[in-house]
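Two complexes follow with chain A in common, the first pairing it with chain B and the second with chain C.
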Partner chain A sequence: MHIAEGFLPPLHAAAWTAVALPFVVVSAWRVNRLMRDQPRIKLLLAASGAFAFVISALKLPSATGSCSHATGTGLGAILFGPSVMALLGTIVLLFQTLLLAHGGVTTLSANVVSMAIVGPWVAYGLLRGARWLNIPLAASVFLAAMLGDLATYTVTAGQLALAFPDPASGFMGSFVKFLGVFAPTQLPLAVIEGLLTVVIVNFLREYSGDELKILQFPLRALATEARS
Partner chain B sequence: MRAIDHHAWTNRWRRWHPAEKLLPASGLLVLTLILPPLTTAPLVLAGAVLATVRGAGVPLPTLLSVLAAPTAFLVAGIPFLAVSVDFTQGFDLRLSNDGWWLALTTMLRALAAMSCLAFLILTTPLTDWITSLRRVGVPSGVVELILLTYRLIFVFVERALTGHQAQTARLGHSRVDRSVRSLGWLAGNLFQRALAQARRLEIGLLARGYTGELRVLAPPHVLSRTRLAAGLGLVGLVGAASGLLARGFS
Partner chain C sequence: MKARNGGLLMLAAVLVVGSVLIGSRREGAEFAGSDGQAMAAVAAIQPDYQPWFKLLWEPPPEIASGLFALQAALGAGVLGYYLGFKRGQARERRNRTDAGD
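After this line comes the complex of A and B, so read on.
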């Protein structure tokens, strides 16, 4: 769920930039070093970024009738890990702004915080946690992708509520208001995205064991378990 | 998406130096954000739309379709700025004057800001300003990553559309559950192909002596001081006019 251009007051836009910048800079620094050590990583990441963009532009069937888009944050975190996702997600969001006019330049950092930082970290943490509890892979992937999506949406509602507190009931009232407005589309969407991510991960384990091994990113478990 | 890219490459102002477009667009954007929206936003909106349609020759329907998607977000969210909720005594919904005012000004500000963005993305191809990212201190490796991503996006979109069409022709999207499965397969397939593409690209580049840096020739852009001054003049004019209007209203 992207916050549109010009929606946030300038002070909030600046504050979210301050929040997002350290994450993105650290991620860029790490990715840059990774790319210098192994030039092939650059092509792999470019392909992954383009893939993430196309996935996020896929129209999902949604129960309420309206078509919505996947966020891909869960899948990204599962495949590449959250520290890479901060940069990759920022690049994807930048392209969404410049090629699709989704989101905006002034609200880019607020969107980065919700979709490239919080969402991936929540999804990744949940996946690790669920694997640690020996929950089956499909169920943990579903939980990670769905709750990662919901976390994104909660953060966005929080950002909007901070920018526009309710005159009567303040931040909390406004937060509940924004959560409520977007719930009818976002809740089914999160479930669908969870299911979709499971289908994708199953497909990849079935047919792309070798490719998953190349990634060498966080989920070695996923690759070594792959029935290639 | 392809409409935006198409016009960015073919509009009348395509060959201008990116700064000549970036300066007025960001100037207007800043004005929209800092000045009172009620007087500034309509002027900015008019300025950006005129520059895009009259100046750069982008058809109005294209511009409107670009603005349509974010406007849907606004329409969904804006009414709820006007409504105020109170939980202290049960559940109380009420419309307030302040709320309407906030909703109106936010709507205007967002629309004006979006028109500046639309002007920029419809007149300047992405590659023009990705290369200028290097100048603001983004590591050249990351800039290259962005350029490669840009190139690959179009390759994959093509494939995704073809795959989707093939699935639809085989009734893969006739029910919601089938649709989810088909989309999953499509995405999985795309990912496989994305990695295969990356590997082929790598082999091809290595054969040409790739060491981790792609050298490309950027087409030379000549910075025209007249156009730059005209852009600045427009920003100044809008700023002054909205300032005068605001004073007249108060």
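After this line comes the complex of A and C, so read on.
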């Protein structure tokens, strides 16, 4: 989902910056407040950022004979809420842009929108929805992380299609084309991201009860909510 | 929890290994990055598009592999520190309650 440097026209780059900036500013404010009010969750916050750092660095092979990487932003989103991930994801993307030539300065905001904003919000929304439907926690976490990952790549396909509509079939033609590049490769990787996120959440439920209590995770299912 | 997590990690590993095995059977499979393929698709749709901004800095290939390793090491290091710290903390807590009995 890293759109390479210079691959979005200046107008698009500016528009995505306008979209991303408020999210990142709010996120910085939220992270700051979270660390001040709840110093005990600092380490878990760092660990969630680290998870995104590793996972988005690993190029994994896919059954299609191509390679891609997961995003790792679903975990932090379901633990801390999606707004916190905008800052963490931006830091990860900035490192990759400046030191690894992965992504670009002019495409940073578009990449932030897909990986650090839409992916986390989709993951968080799905977790809430799945809990509301009384789907077991592990399955909810799996779905949230997996579909958050796929949402990120869908947004990237949309961003590229907006910038480069097909001369004949327009935005939709282009969108389908870009989705065709990403989706088959990404599907198994999204499953892997879902599995790894469940592994971490399982661990947290066993050993990090104190932090999860502060964060009020897991979001209660409807049945227990009605009882309390 | 332990057995279940072991199973999930095994499943993830099987998916990766299976992907390599299935993927390499495909004709012309070079495991190219999908990000790169998407940029190639841009060139196919608009052949005259020229990226208007160049990378500020691109690490030489050897250094790039080191930086990739550094990124993974930093991330795994922090994550591993947290997981180990929490396990140790839980054990300590258990020992203390045992001693209190």
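Keep this in mind: the second predicted complex is superposed on the first by the 175 of 228 C-alpha atoms of A that agree within 3 Å, B and C clash if a C-alpha of one lies under 4 Å from a C-alpha of the other, contacts with A are read in each partner's own complex, and residues count from 1 in each chain.
Please note the rule applied: a residue touches a chain if its C-beta (ideal position, glycine included) is under 8 Å from a C-beta of that chain, and two chains touch if they have at least 3 such contacts.
Bear in mind the structure is a predicted one, so any value in this text is a computation, not a measurement.
Peer 1: Determine, under the contact definition given at the top, whether A:Leu87 touches first (chain B), second (chain C), both, or neither.
Peer 2: After superposition on chain A, A:Leu87 lies in contact with chain B alone.
Peer 1: Would you sort A:Gly104 into first (chain B), second (chain C), both or neither based on which partner it touches?
Peer 2: Touch partners of A:Gly104: chain B and chain C.
Peer 1: Figure out whether A:Arg40 sits in contact with chain B (first) or chain C (second), or with both, or with neither.
Peer 2: first
Peer 1: First (chain B), second (chain C), both or neither: which does A:Gln159 touch?
Peer 2: In the superposed model, A:Gln159 contacts neither chain B nor chain C.
Peer 1: For A:Gln186, is the partner it touches chain B (first), chain C (second), both, or none of the two (neither)?
Peer 2: second
Peer 1: For A:Leu195, select first, second, both or neither according to whether it touches chain B, chain C, the two together, or no partner.
Peer 2: After superposing on A, A:Leu195 lies in contact with both chain B and chain C.
Peer 1: Which of the two partners, first being chain B and second being chain C, lies in contact with A:Asn32: first, second, both, or neither?
Peer 2: A:Asn32 sits against chain B, while chain C stays out of touch.
Peer 1: Taking the superposition as given, does A:Val176 touch the first partner, chain B, the second, chain C, both, or neither?
Peer 2: The answer is first: A:Val176 touches chain B but not chain C.
Peer 1: Tell me which partner A:Ser114 touches in the superposition: chain B (first), chain C (second), both or neither.
Peer 2: neither
Peer 1: Where on chain A do the contacts with chain B and the contacts with chain C coincide?
Peer 2: Common interface on chain A, chain B vs chain C: 2-7, 9-10, 43-44, 46-47, 49-51, 53-55, 57-58, 60-61, 63, 95, 98-102, 104-106, 160, 164, 166-167, 174, 177-178, 181-182, 192, 195-196, 198-199, 202-204, 207-208.
Peer 1: What residues on chain B touch chain A, complex-wise?
Peer 2: 1, 4-5, 29, 32-34, 66-67, 69-70, 73-74, 76-77, 80-81, 83-88, 92, 94, 96, 98-99, 102, 106, 109-114, 116-118, 121, 126, 138-139, 141-142, 144-146, 148-153, 155-157, 160, 173, 176, 179-181, 183-192, 194-199, 201-202, 205, 210-212
Peer 1: Once bound in the complex, which stretches of chain A touch chain C?
Peer 2: Per the stated touch rule, the residues are 1-7, 9-10, 43-44, 46-47, 49-55, 57-68, 95-96, 98-102, 104-106, 156-157, 160, 164-167, 174, 177-178, 181-182, 185-186, 188, 191-192, 195-196, 198-199, 202-208.
Peer 1: What residues of chain A sit close enough to touch chain B in their complex?
Peer 2: Touching chain B from chain A are residues 2-7, 9-10, 13, 28-29, 31-32, 35-36, 39-40, 42-51, 53-55, 57-58, 60-61, 63, 75, 87, 91, 94-95, 97-102, 104-106, 160, 164, 166-169, 172-174, 176-178, 181-182, 192, 195-200, 202-204, 207-208, 211, 214.
Peer 1: Which stretch or stretches of chain C touch chain A in the complex?
Peer 2: Those residues of chain C that touch chain A are 1, 4-5, 8-9, 11-12, 15-16, 18-20, 22-24, 26, 28-39, 41-42, 45-46, 49-59, 64, 67-68, 71-72, 74-79, 81-83, 85-87, 89-90.
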